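Here's the structure we're looking at; comments come further down.
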Amino acid sequence: MNMTLDQAEKAIAAAKKKAVAIDTKMNIAVVDAGANLVAFARMDGAWLGSLDISIKKAKTARFFDMNTGVVGELSQPGGSLYNIEHSNNGLITFPGGIPIKNSKDEIIGAIGVSGSSVENDHAVAEAGATSI
Amino acid sequence: MNMTLDQAEKAIAAAKKKAVAIDTKMNIAVVDAGANLVAFARMDGAWLGSLDISIKKAKTARFFDMNTGVVGELSQPGGSLYNIEHSNNGLITFPGGIPIKNSKDEIIGAIGVSGSSVENDHAVAEAGATSI
Amino acid sequence: MNMTLDQAEKAIAAAKKKAVAIDTKMNIAVVDAGANLVAFARMDGAWLGSLDISIKKAKTARFFDMNTGVVGELSQPGGSLYNIEHSNNGLITFPGGIPIKNSKDEIIGAIGVSGSSVENDHAVAEAGATSI
Amino acid sequence: MNMTLDQAEKAIAAAKKKAVAIDTKMNIAVVDAGANLVAFARMDGAWLGSLDISIKKAKTARFFDMNTGVVGELSQPGGSLYNIEHSNNGLITFPGGIPIKNSKDEIIGAIGVSGSSVENDHAVAEAGATSI
(Lines give C-alpha, C1' and ligand atoms only; values in the text may rest on other atoms or scores of the structure.)
Protein backbone atom coordinates (compact mmCIF):
# COMPACT_ATOMS: atom_id res chain seq x y z
CA MET A 1 0.00 0.00 0.00
CA ASN A 2 1.23 3.46 -0.86
CA MET A 3 -0.06 7.03 -0.79
CA THR A 4 -2.11 8.01 -3.85
CA LEU A 5 -2.20 11.54 -5.25
CA ASP A 6 -5.91 11.70 -4.40
CA GLN A 7 -5.15 10.93 -0.78
CA ALA A 8 -2.29 13.43 -0.67
CA GLU A 9 -4.45 16.21 -2.16
CA LYS A 10 -7.22 15.40 0.30
CA ALA A 11 -4.75 15.73 3.17
CA ILE A 12 -3.47 19.05 1.84
CA ALA A 13 -7.02 20.39 1.41
CA ALA A 14 -7.88 19.46 5.01
CA ALA A 15 -4.64 20.99 6.27
CA LYS A 16 -5.27 24.23 4.35
CA LYS A 17 -8.78 24.46 5.79
CA LYS A 18 -7.39 24.11 9.33
CA ALA A 19 -4.64 26.64 8.60
CA VAL A 20 -7.22 29.20 7.51
CA ALA A 21 -9.39 28.42 10.53
CA ILE A 22 -6.56 29.28 12.92
CA ASP A 23 -5.41 32.24 10.83
CA THR A 24 -2.02 30.91 9.73
CA LYS A 25 -0.15 30.62 6.41
CA MET A 26 1.49 27.25 5.91
CA ASN A 27 3.75 25.18 3.70
CA ILE A 28 2.30 21.66 3.48
CA ALA A 29 4.12 18.60 2.08
CA VAL A 30 3.00 14.98 1.70
CA VAL A 31 5.42 12.10 1.02
CA ASP A 32 4.73 8.46 0.19
CA ALA A 33 5.99 5.25 1.85
CA GLY A 34 9.35 5.72 0.11
CA ALA A 35 9.64 9.22 1.64
CA ASN A 36 9.35 10.82 -1.81
CA LEU A 37 7.19 13.92 -2.37
CA VAL A 38 3.67 13.29 -3.70
CA ALA A 39 2.07 16.72 -3.30
CA PHE A 40 2.95 20.15 -1.92
CA ALA A 41 1.28 23.52 -1.41
CA ARG A 42 2.64 26.86 -0.15
CA MET A 43 -0.11 29.22 0.98
CA ASP A 44 0.14 32.86 -0.17
CA GLY A 45 2.40 34.82 2.15
CA ALA A 46 3.74 31.75 3.98
CA TRP A 47 7.39 31.91 5.12
CA LEU A 48 9.70 30.98 2.28
CA GLY A 49 12.11 29.21 4.63
CA SER A 50 9.31 26.90 5.69
CA LEU A 51 9.16 25.33 2.23
CA ASP A 52 12.19 23.12 2.86
CA ILE A 53 11.25 22.61 6.52
CA SER A 54 7.81 21.22 5.64
CA ILE A 55 9.32 18.72 3.20
CA LYS A 56 12.01 17.69 5.71
CA LYS A 57 9.36 17.25 8.44
CA ALA A 58 7.33 14.94 6.20
CA LYS A 59 10.44 12.93 5.30
CA THR A 60 11.60 12.74 8.93
CA ALA A 61 8.19 11.45 10.09
CA ARG A 62 8.31 8.66 7.48
CA PHE A 63 12.01 7.94 7.99
CA PHE A 64 11.34 6.93 11.60
CA ASP A 65 7.55 6.29 11.55
CA MET A 66 6.90 8.71 14.40
CA ASN A 67 5.95 12.33 14.97
CA THR A 68 8.89 14.63 14.36
CA GLY A 69 8.61 16.13 17.84
CA VAL A 70 9.31 12.72 19.39
CA VAL A 71 12.61 12.52 17.54
CA GLY A 72 13.42 16.03 18.77
CA GLU A 73 12.94 15.05 22.40
CA LEU A 74 15.67 12.43 21.96
CA SER A 75 18.07 14.60 19.94
CA GLN A 76 18.66 17.30 22.55
CA PRO A 77 22.14 17.83 24.04
CA GLY A 78 22.81 14.85 26.29
CA GLY A 79 19.98 12.87 24.64
CA SER A 80 20.46 9.47 23.08
CA LEU A 81 20.04 10.77 19.51
CA TYR A 82 21.94 14.08 19.86
CA ASN A 83 22.55 15.68 16.46
CA ILE A 84 20.72 12.98 14.47
CA GLU A 85 19.64 15.96 12.31
CA HIS A 86 22.94 15.67 10.40
CA SER A 87 21.76 12.47 8.70
CA ASN A 88 19.66 12.04 5.55
CA ASN A 89 20.64 15.43 4.10
CA GLY A 90 19.08 17.18 7.08
CA LEU A 91 16.23 16.23 9.37
CA ILE A 92 13.76 18.56 11.09
CA THR A 93 12.92 17.23 14.54
CA PHE A 94 10.47 19.70 16.05
CA PRO A 95 6.68 19.20 15.81
CA GLY A 96 4.78 19.43 12.53
CA GLY A 97 5.55 16.07 10.88
CA ILE A 98 3.15 13.13 11.33
CA PRO A 99 3.01 9.65 9.72
CA ILE A 100 -0.14 8.85 7.73
CA LYS A 101 -1.82 5.44 8.04
CA ASN A 102 -4.42 3.67 5.91
CA SER A 103 -7.53 1.91 7.25
CA LYS A 104 -5.44 -1.21 7.96
CA ASP A 105 -3.16 0.81 10.26
CA GLU A 106 -0.26 0.57 7.76
CA ILE A 107 1.95 3.62 7.32
CA ILE A 108 1.62 4.82 3.72
CA GLY A 109 3.47 8.13 4.00
CA ALA A 110 3.62 11.29 6.08
CA ILE A 111 2.67 14.97 6.17
CA GLY A 112 4.88 17.89 7.14
CA VAL A 113 3.69 21.42 7.94
CA SER A 114 5.67 24.58 8.64
CA GLY A 115 4.77 28.28 8.85
CA SER A 116 3.71 29.19 12.38
CA SER A 117 4.37 28.05 15.96
CA VAL A 118 5.21 24.37 16.30
CA GLU A 119 1.89 23.88 18.11
CA ASN A 120 0.02 25.34 15.14
CA ASP A 121 2.19 23.41 12.67
CA HIS A 122 1.34 20.17 14.49
CA ALA A 123 -2.38 20.99 14.64
CA VAL A 124 -2.51 21.64 10.90
CA ALA A 125 -0.52 18.46 10.16
CA GLU A 126 -2.91 16.47 12.32
CA ALA A 127 -5.90 17.86 10.45
CA GLY A 128 -4.28 16.63 7.25
CA ALA A 129 -3.19 13.25 8.58
CA THR A 130 -6.58 12.37 10.05
CA SER A 131 -8.47 13.30 6.86
CA ILE A 132 -7.32 10.09 5.14
CA MET B 1 2.79 40.47 -9.02
CA ASN B 2 3.49 36.90 -8.05
CA MET B 3 2.02 33.44 -8.50
CA THR B 4 -0.76 32.66 -6.02
CA LEU B 5 -1.47 29.16 -4.72
CA ASP B 6 -4.87 29.32 -6.43
CA GLN B 7 -3.19 29.99 -9.76
CA ALA B 8 -0.62 27.25 -9.22
CA GLU B 9 -3.31 24.72 -8.33
CA LYS B 10 -5.33 25.77 -11.37
CA ALA B 11 -2.28 25.18 -13.57
CA ILE B 12 -1.66 21.76 -12.01
CA ALA B 13 -5.32 20.77 -12.48
CA ALA B 14 -5.18 21.78 -16.17
CA ALA B 15 -1.89 19.93 -16.63
CA LYS B 16 -3.26 16.79 -14.97
CA LYS B 17 -6.31 16.90 -17.24
CA LYS B 18 -4.09 17.10 -20.30
CA ALA B 19 -1.84 14.32 -18.98
CA VAL B 20 -4.83 12.02 -18.59
CA ALA B 21 -6.12 13.00 -22.04
CA ILE B 22 -2.88 11.88 -23.69
CA ASP B 23 -2.56 8.82 -21.43
CA THR B 24 0.57 9.83 -19.53
CA LYS B 25 1.58 9.93 -15.86
CA MET B 26 3.35 13.14 -14.92
CA ASN B 27 5.20 14.98 -12.19
CA ILE B 28 4.06 18.63 -12.26
CA ALA B 29 5.74 21.51 -10.42
CA VAL B 30 4.90 25.22 -10.26
CA VAL B 31 7.31 27.86 -8.96
CA ASP B 32 6.74 31.55 -8.28
CA ALA B 33 8.66 34.63 -9.47
CA GLY B 34 11.37 33.82 -6.92
CA ALA B 35 11.78 30.36 -8.49
CA ASN B 36 10.56 28.73 -5.26
CA LEU B 37 8.07 25.87 -5.29
CA VAL B 38 4.40 26.85 -4.84
CA ALA B 39 2.64 23.58 -5.66
CA PHE B 40 3.52 20.08 -6.81
CA ALA B 41 1.74 16.87 -7.77
CA ARG B 42 3.06 13.41 -8.71
CA MET B 43 0.45 11.32 -10.51
CA ASP B 44 0.08 7.69 -9.40
CA GLY B 45 2.64 5.51 -11.18
CA ALA B 46 4.65 8.42 -12.58
CA TRP B 47 8.43 7.92 -12.80
CA LEU B 48 10.07 8.60 -9.46
CA GLY B 49 13.10 10.19 -11.12
CA SER B 50 10.86 12.75 -12.78
CA LEU B 51 10.02 14.33 -9.43
CA ASP B 52 13.30 16.21 -9.25
CA ILE B 53 13.35 16.82 -13.01
CA SER B 54 9.93 18.53 -13.00
CA ILE B 55 11.02 20.89 -10.22
CA LYS B 56 14.32 21.63 -11.97
CA LYS B 57 12.50 22.33 -15.24
CA ALA B 58 10.20 24.83 -13.54
CA LYS B 59 13.14 26.55 -11.84
CA THR B 60 15.20 26.61 -15.06
CA ALA B 61 12.31 28.21 -17.00
CA ARG B 62 12.01 30.98 -14.39
CA PHE B 63 15.78 31.36 -13.90
CA PHE B 64 16.11 32.45 -17.53
CA ASP B 65 12.50 33.42 -18.41
CA MET B 66 12.38 31.10 -21.40
CA ASN B 67 11.29 27.58 -22.27
CA THR B 68 13.77 25.00 -21.01
CA GLY B 69 14.25 23.57 -24.48
CA VAL B 70 15.59 26.93 -25.70
CA VAL B 71 18.31 26.81 -23.05
CA GLY B 72 19.10 23.26 -24.13
CA GLU B 73 19.72 24.33 -27.71
CA LEU B 74 22.45 26.66 -26.45
CA SER B 75 24.00 24.22 -23.97
CA GLN B 76 25.11 21.58 -26.49
CA PRO B 77 28.80 20.85 -27.07
CA GLY B 78 30.24 23.86 -28.89
CA GLY B 79 27.24 25.98 -27.96
CA SER B 80 27.47 29.32 -26.20
CA LEU B 81 26.05 27.97 -22.92
CA TYR B 82 27.79 24.60 -22.99
CA ASN B 83 27.18 22.67 -19.75
CA ILE B 84 25.22 25.47 -18.09
CA GLU B 85 23.44 22.57 -16.35
CA HIS B 86 26.20 22.60 -13.72
CA SER B 87 24.91 25.85 -12.23
CA ASN B 88 22.15 26.42 -9.68
CA ASN B 89 22.45 22.97 -8.12
CA GLY B 90 21.53 21.43 -11.46
CA LEU B 91 19.43 22.66 -14.37
CA ILE B 92 17.29 20.59 -16.74
CA THR B 93 17.41 22.05 -20.23
CA PHE B 94 15.23 19.81 -22.38
CA PRO B 95 11.57 20.65 -23.07
CA GLY B 96 8.89 20.60 -20.36
CA GLY B 97 9.54 23.87 -18.51
CA ILE B 98 7.60 27.03 -19.47
CA PRO B 99 7.37 30.51 -17.89
CA ILE B 100 3.92 31.60 -16.72
CA LYS B 101 2.68 35.15 -17.38
CA ASN B 102 -0.22 37.12 -15.95
CA SER B 103 -2.73 39.13 -18.00
CA LYS B 104 -0.27 42.07 -18.13
CA ASP B 105 2.33 39.82 -19.79
CA GLU B 106 4.50 39.86 -16.65
CA ILE B 107 6.27 36.62 -15.74
CA ILE B 108 4.95 35.45 -12.36
CA GLY B 109 6.52 32.01 -12.25
CA ALA B 110 6.91 28.82 -14.26
CA ILE B 111 5.69 25.26 -14.66
CA GLY B 112 7.79 22.12 -15.10
CA VAL B 113 6.51 18.73 -16.25
CA SER B 114 8.29 15.37 -16.51
CA GLY B 115 7.14 11.80 -17.02
CA SER B 116 6.93 10.98 -20.72
CA SER B 117 8.58 12.04 -24.00
CA VAL B 118 9.78 15.65 -24.04
CA GLU B 119 7.07 16.42 -26.59
CA ASN B 120 4.40 15.16 -24.20
CA ASP B 121 6.05 16.87 -21.24
CA HIS B 122 5.96 20.18 -23.13
CA ALA B 123 2.34 19.73 -24.21
CA VAL B 124 1.23 19.11 -20.64
CA ALA B 125 3.27 22.06 -19.36
CA GLU B 126 1.68 24.29 -22.00
CA ALA B 127 -1.81 23.18 -20.94
CA GLY B 128 -0.92 24.25 -17.42
CA ALA B 129 0.79 27.52 -18.36
CA THR B 130 -2.04 28.70 -20.61
CA SER B 131 -4.72 27.97 -18.01
CA ILE B 132 -3.75 31.07 -16.01
CA MET C 1 5.00 -5.36 -3.41
CA ASN C 2 8.50 -4.34 -2.51
CA MET C 3 11.98 -5.88 -2.57
CA THR C 4 12.79 -8.01 0.47
CA LEU C 5 16.29 -8.37 1.91
CA ASP C 6 16.20 -12.08 1.04
CA GLN C 7 15.51 -11.22 -2.60
CA ALA C 8 18.22 -8.57 -2.66
CA GLU C 9 20.80 -10.93 -1.17
CA LYS C 10 19.82 -13.61 -3.66
CA ALA C 11 20.36 -11.14 -6.50
CA ILE C 12 23.75 -10.12 -5.13
CA ALA C 13 24.84 -13.76 -4.74
CA ALA C 14 23.86 -14.51 -8.34
CA ALA C 15 25.64 -11.39 -9.56
CA LYS C 16 28.80 -12.25 -7.64
CA LYS C 17 28.80 -15.75 -9.09
CA LYS C 18 28.56 -14.32 -12.60
CA ALA C 19 31.28 -11.75 -11.84
CA VAL C 20 33.64 -14.53 -10.76
CA ALA C 21 32.74 -16.62 -13.81
CA ILE C 22 33.82 -13.84 -16.17
CA ASP C 23 36.82 -12.90 -14.03
CA THR C 24 35.73 -9.44 -12.92
CA LYS C 25 35.54 -7.58 -9.60
CA MET C 26 32.29 -5.72 -9.10
CA ASN C 27 30.39 -3.33 -6.89
CA ILE C 28 26.77 -4.54 -6.72
CA ALA C 29 23.84 -2.52 -5.32
CA VAL C 30 20.15 -3.38 -4.98
CA VAL C 31 17.44 -0.77 -4.29
CA ASP C 32 13.75 -1.20 -3.50
CA ALA C 33 10.66 0.30 -5.17
CA GLY C 34 11.36 3.61 -3.40
CA ALA C 35 14.89 3.66 -4.90
CA ASN C 36 16.42 3.23 -1.45
CA LEU C 37 19.36 0.84 -0.88
CA VAL C 38 18.47 -2.63 0.40
CA ALA C 39 21.78 -4.48 0.03
CA PHE C 40 25.27 -3.81 -1.30
CA ALA C 41 28.52 -5.73 -1.83
CA ARG C 42 31.95 -4.59 -3.04
CA MET C 43 34.12 -7.50 -4.17
CA ASP C 44 37.74 -7.52 -3.01
CA GLY C 45 39.89 -5.40 -5.29
CA ALA C 46 36.94 -3.79 -7.12
CA TRP C 47 37.37 -0.17 -8.23
CA LEU C 48 36.60 2.18 -5.38
CA GLY C 49 35.00 4.72 -7.74
CA SER C 50 32.52 2.10 -8.83
CA LEU C 51 30.92 2.03 -5.38
CA ASP C 52 28.94 5.22 -6.00
CA ILE C 53 28.39 4.34 -9.66
CA SER C 54 26.75 1.01 -8.83
CA ILE C 55 24.35 2.68 -6.40
CA LYS C 56 23.52 5.45 -8.89
CA LYS C 57 22.93 2.86 -11.64
CA ALA C 58 20.45 0.99 -9.44
CA LYS C 59 18.66 4.22 -8.53
CA THR C 60 18.59 5.42 -12.15
CA ALA C 61 17.07 2.12 -13.33
CA ARG C 62 14.27 2.42 -10.77
CA PHE C 63 13.81 6.16 -11.25
CA PHE C 64 12.79 5.58 -14.87
CA ASP C 65 11.88 1.86 -14.85
CA MET C 66 14.26 1.05 -17.68
CA ASN C 67 17.82 -0.13 -18.23
CA THR C 68 20.32 2.64 -17.58
CA GLY C 69 21.82 2.28 -21.05
CA VAL C 70 18.48 3.20 -22.63
CA VAL C 71 18.50 6.50 -20.76
CA GLY C 72 22.06 7.06 -21.94
CA GLU C 73 21.08 6.68 -25.58
CA LEU C 74 18.65 9.60 -25.13
CA SER C 75 20.98 11.81 -23.09
CA GLN C 76 23.74 12.20 -25.68
CA PRO C 77 24.53 15.65 -27.13
CA GLY C 78 21.62 16.56 -29.38
CA GLY C 79 19.43 13.87 -27.78
CA SER C 80 16.06 14.59 -26.21
CA LEU C 81 17.31 14.03 -22.66
CA TYR C 82 20.73 15.68 -22.97
CA ASN C 83 22.36 16.17 -19.56
CA ILE C 84 19.53 14.52 -17.61
CA GLU C 85 22.39 13.23 -15.44
CA HIS C 86 22.31 16.51 -13.50
CA SER C 87 19.03 15.55 -11.83
CA ASN C 88 18.43 13.47 -8.72
CA ASN C 89 21.86 14.20 -7.22
CA GLY C 90 23.53 12.54 -10.18
CA LEU C 91 22.40 9.78 -12.51
CA ILE C 92 24.56 7.18 -14.25
CA THR C 93 23.21 6.45 -17.71
CA PHE C 94 25.51 3.86 -19.23
CA PRO C 95 24.71 0.12 -19.02
CA GLY C 96 24.80 -1.82 -15.75
CA GLY C 97 21.49 -0.84 -14.13
CA ILE C 98 18.39 -3.02 -14.61
CA PRO C 99 14.89 -2.92 -13.03
CA ILE C 100 13.85 -6.02 -11.08
CA LYS C 101 10.34 -7.45 -11.42
CA ASN C 102 8.39 -9.95 -9.34
CA SER C 103 6.41 -12.90 -10.70
CA LYS C 104 3.44 -10.58 -11.41
CA ASP C 105 5.64 -8.43 -13.67
CA GLU C 106 5.58 -5.55 -11.17
CA ILE C 107 8.80 -3.57 -10.68
CA ILE C 108 9.93 -4.03 -7.08
CA GLY C 109 13.37 -2.40 -7.32
CA ALA C 110 16.55 -2.46 -9.36
CA ILE C 111 20.16 -3.68 -9.45
CA GLY C 112 23.24 -1.66 -10.36
CA VAL C 113 26.66 -3.12 -11.17
CA SER C 114 29.97 -1.35 -11.83
CA GLY C 115 33.58 -2.50 -12.02
CA SER C 116 34.45 -3.59 -15.54
CA SER C 117 33.39 -2.83 -19.14
CA VAL C 118 29.76 -1.73 -19.48
CA GLU C 119 29.08 -4.99 -21.32
CA ASN C 120 30.36 -6.98 -18.37
CA ASP C 121 28.57 -4.69 -15.90
CA HIS C 122 25.30 -5.32 -17.73
CA ALA C 123 25.85 -9.08 -17.93
CA VAL C 124 26.46 -9.28 -14.18
CA ALA C 125 23.44 -7.07 -13.44
CA GLU C 126 21.29 -9.30 -15.64
CA ALA C 127 22.45 -12.40 -13.78
CA GLY C 128 21.32 -10.71 -10.57
CA ALA C 129 18.03 -9.37 -11.92
CA THR C 130 16.94 -12.69 -13.42
CA SER C 131 17.68 -14.65 -10.26
CA ILE C 132 14.56 -13.30 -8.55
CA MET D 1 45.50 -5.45 5.97
CA ASN D 2 41.99 -4.51 4.93
CA MET D 3 38.42 -5.75 5.35
CA THR D 4 37.45 -8.45 2.84
CA LEU D 5 33.92 -8.90 1.52
CA ASP D 6 33.84 -12.32 3.20
CA GLN D 7 34.60 -10.71 6.55
CA ALA D 8 32.05 -7.96 6.00
CA GLU D 9 29.33 -10.44 5.07
CA LYS D 10 30.22 -12.56 8.11
CA ALA D 11 29.84 -9.48 10.32
CA ILE D 12 26.48 -8.63 8.76
CA ALA D 13 25.22 -12.20 9.19
CA ALA D 14 26.21 -12.16 12.87
CA ALA D 15 24.60 -8.75 13.35
CA LYS D 16 21.38 -9.87 11.66
CA LYS D 17 21.25 -12.96 13.90
CA LYS D 18 21.60 -10.78 16.99
CA ALA D 19 18.99 -8.31 15.66
CA VAL D 20 16.49 -11.14 15.24
CA ALA D 21 17.33 -12.52 18.70
CA ILE D 22 16.43 -9.21 20.37
CA ASP D 23 13.42 -8.65 18.09
CA THR D 24 14.67 -5.58 16.19
CA LYS D 25 14.88 -4.56 12.53
CA MET D 26 18.22 -3.02 11.64
CA ASN D 27 20.19 -1.29 8.93
CA ILE D 28 23.75 -2.68 9.02
CA ALA D 29 26.77 -1.19 7.21
CA VAL D 30 30.41 -2.32 7.08
CA VAL D 31 33.23 -0.07 5.82
CA ASP D 32 36.87 -0.89 5.16
CA ALA D 33 40.07 0.79 6.40
CA GLY D 34 39.48 3.57 3.86
CA ALA D 35 36.04 4.22 5.39
CA ASN D 36 34.36 3.13 2.16
CA LEU D 37 31.32 0.84 2.14
CA VAL D 38 32.03 -2.88 1.68
CA ALA D 39 28.64 -4.40 2.45
CA PHE D 40 25.21 -3.29 3.59
CA ALA D 41 21.87 -4.84 4.50
CA ARG D 42 18.51 -3.29 5.43
CA MET D 43 16.23 -5.75 7.18
CA ASP D 44 12.57 -5.84 6.05
CA GLY D 45 10.58 -3.16 7.83
CA ALA D 46 13.63 -1.37 9.27
CA TRP D 47 13.37 2.43 9.52
CA LEU D 48 14.19 4.04 6.19
CA GLY D 49 15.98 6.94 7.91
CA SER D 50 18.38 4.51 9.56
CA LEU D 51 19.92 3.60 6.20
CA ASP D 52 22.03 6.74 6.08
CA ILE D 53 22.61 6.70 9.84
CA SER D 54 24.08 3.18 9.81
CA ILE D 55 26.54 4.11 7.07
CA LYS D 56 27.49 7.35 8.85
CA LYS D 57 28.04 5.44 12.11
CA ALA D 58 30.38 2.99 10.40
CA LYS D 59 32.31 5.82 8.75
CA THR D 60 32.49 7.84 11.98
CA ALA D 61 33.87 4.82 13.89
CA ARG D 62 36.62 4.35 11.31
CA PHE D 63 37.30 8.08 10.86
CA PHE D 64 38.37 8.30 14.51
CA ASP D 65 39.06 4.64 15.35
CA MET D 66 36.71 4.66 18.33
CA ASN D 67 33.12 3.81 19.17
CA THR D 68 30.73 6.47 17.90
CA GLY D 69 29.31 7.02 21.38
CA VAL D 70 32.73 8.12 22.62
CA VAL D 71 32.85 10.85 20.00
CA GLY D 72 29.35 11.89 21.06
CA GLU D 73 30.44 12.41 24.66
CA LEU D 74 32.98 14.96 23.43
CA SER D 75 30.67 16.71 20.94
CA GLN D 76 28.09 17.99 23.45
CA PRO D 77 27.63 21.72 24.05
CA GLY D 78 30.72 22.94 25.92
CA GLY D 79 32.62 19.78 24.98
CA SER D 80 36.00 19.80 23.26
CA LEU D 81 34.57 18.52 19.96
CA TYR D 82 31.32 20.50 20.01
CA ASN D 83 29.38 20.01 16.75
CA ILE D 84 32.06 17.90 15.09
CA GLU D 85 29.05 16.33 13.31
CA HIS D 86 29.29 19.11 10.71
CA SER D 87 32.46 17.60 9.22
CA ASN D 88 32.84 14.83 6.64
CA ASN D 89 29.41 15.39 5.08
CA GLY D 90 27.80 14.55 8.40
CA LEU D 91 28.86 12.35 11.30
CA ILE D 92 26.63 10.35 13.64
CA THR D 93 28.07 10.32 17.12
CA PHE D 94 25.67 8.32 19.24
CA PRO D 95 26.24 4.57 19.92
CA GLY D 96 26.01 1.93 17.20
CA GLY D 97 29.33 2.37 15.37
CA ILE D 98 32.33 0.19 16.33
CA PRO D 99 35.80 -0.26 14.77
CA ILE D 100 36.65 -3.79 13.60
CA LYS D 101 40.08 -5.29 14.25
CA ASN D 102 41.88 -8.30 12.85
CA SER D 103 43.69 -10.96 14.88
CA LYS D 104 46.78 -8.71 15.07
CA ASP D 105 44.71 -5.97 16.72
CA GLU D 106 44.92 -3.79 13.61
CA ILE D 107 41.83 -1.80 12.67
CA ILE D 108 40.62 -3.00 9.26
CA GLY D 109 37.27 -1.19 9.13
CA ALA D 110 34.12 -0.58 11.13
CA ILE D 111 30.47 -1.56 11.49
CA GLY D 112 27.49 0.77 11.93
CA VAL D 113 24.01 -0.28 13.04
CA SER D 114 20.78 1.73 13.28
CA GLY D 115 17.12 0.85 13.75
CA SER D 116 16.27 0.66 17.45
CA SER D 117 17.43 2.19 20.75
CA VAL D 118 21.10 3.15 20.84
CA GLU D 119 21.67 0.35 23.37
CA ASN D 120 20.24 -2.20 20.94
CA ASP D 121 22.08 -0.64 18.01
CA HIS D 122 25.37 -0.98 19.92
CA ALA D 123 24.63 -4.57 20.97
CA VAL D 124 23.96 -5.60 17.37
CA ALA D 125 27.07 -3.77 16.15
CA GLU D 126 29.15 -5.54 18.79
CA ALA D 127 27.81 -8.92 17.69
CA GLY D 128 28.96 -8.08 14.17
CA ALA D 129 32.34 -6.63 15.17
CA THR D 130 33.32 -9.56 17.39
CA SER D 131 32.41 -12.16 14.77
CA ILE D 132 35.58 -11.41 12.79
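For clarity, chains are labelled A, B, C and D in written order, and residue numbers in each chain start from 1.
Simple rule for what comes next: a residue touches a chain if its C-beta (ideal position, glycine included) is under 8 Å from a C-beta of that chain, and two chains touch if they have at least 3 such contacts.
By chain, with names taken from UniProt: A, B, C, D = Heme-binding protein.
The shown structure was predicted, so the numbers you read here are calculated from the model rather than taken from an experiment.
One simple way to say how far apart two chains are is to compare their mean CA positions; for chain B (Heme-binding protein) and chain C (Heme-binding protein) this gives 29 Å. With centres taken as mean Cα positions, chain C (Heme-binding protein) sits 32 Å from chain A (Heme-binding protein).
Centres computed as Cα averages put chain C (Heme-binding protein) at a distance of 25 Å from chain D (Heme-binding protein). Residues of chain D (Heme-binding protein) in contact with at least two other chains: 48.
If you draw each protein chain as a dot and join the dots that touch, the picture is not a line, a loop, a star, or fully joined; it has some other shape. Across the assembly, chains come into contact as A-B, A-C, A-D, B-C, C-D. Chain B (Heme-binding protein) makes touch with chain A (Heme-binding protein) in their complex at residues 4-5, 8-9, 34, 36-44, 48, 51.
Those residues of chain D (Heme-binding protein) that touch chain A (Heme-binding protein) in the shared complex are 47-50, 52-53, 56, 72, 75-77, 83, 85-86, 90-94, 117-118.
Those residues of chain C (Heme-binding protein) whose C-beta lies close enough to touch chain A (Heme-binding protein) in the complex are 32-36. The touching residues of chain C (Heme-binding protein), when paired with chain B (Heme-binding protein) in their complex, are 34-35, 59-60, 62-65, 77-78, 80-84, 86-89, 91.
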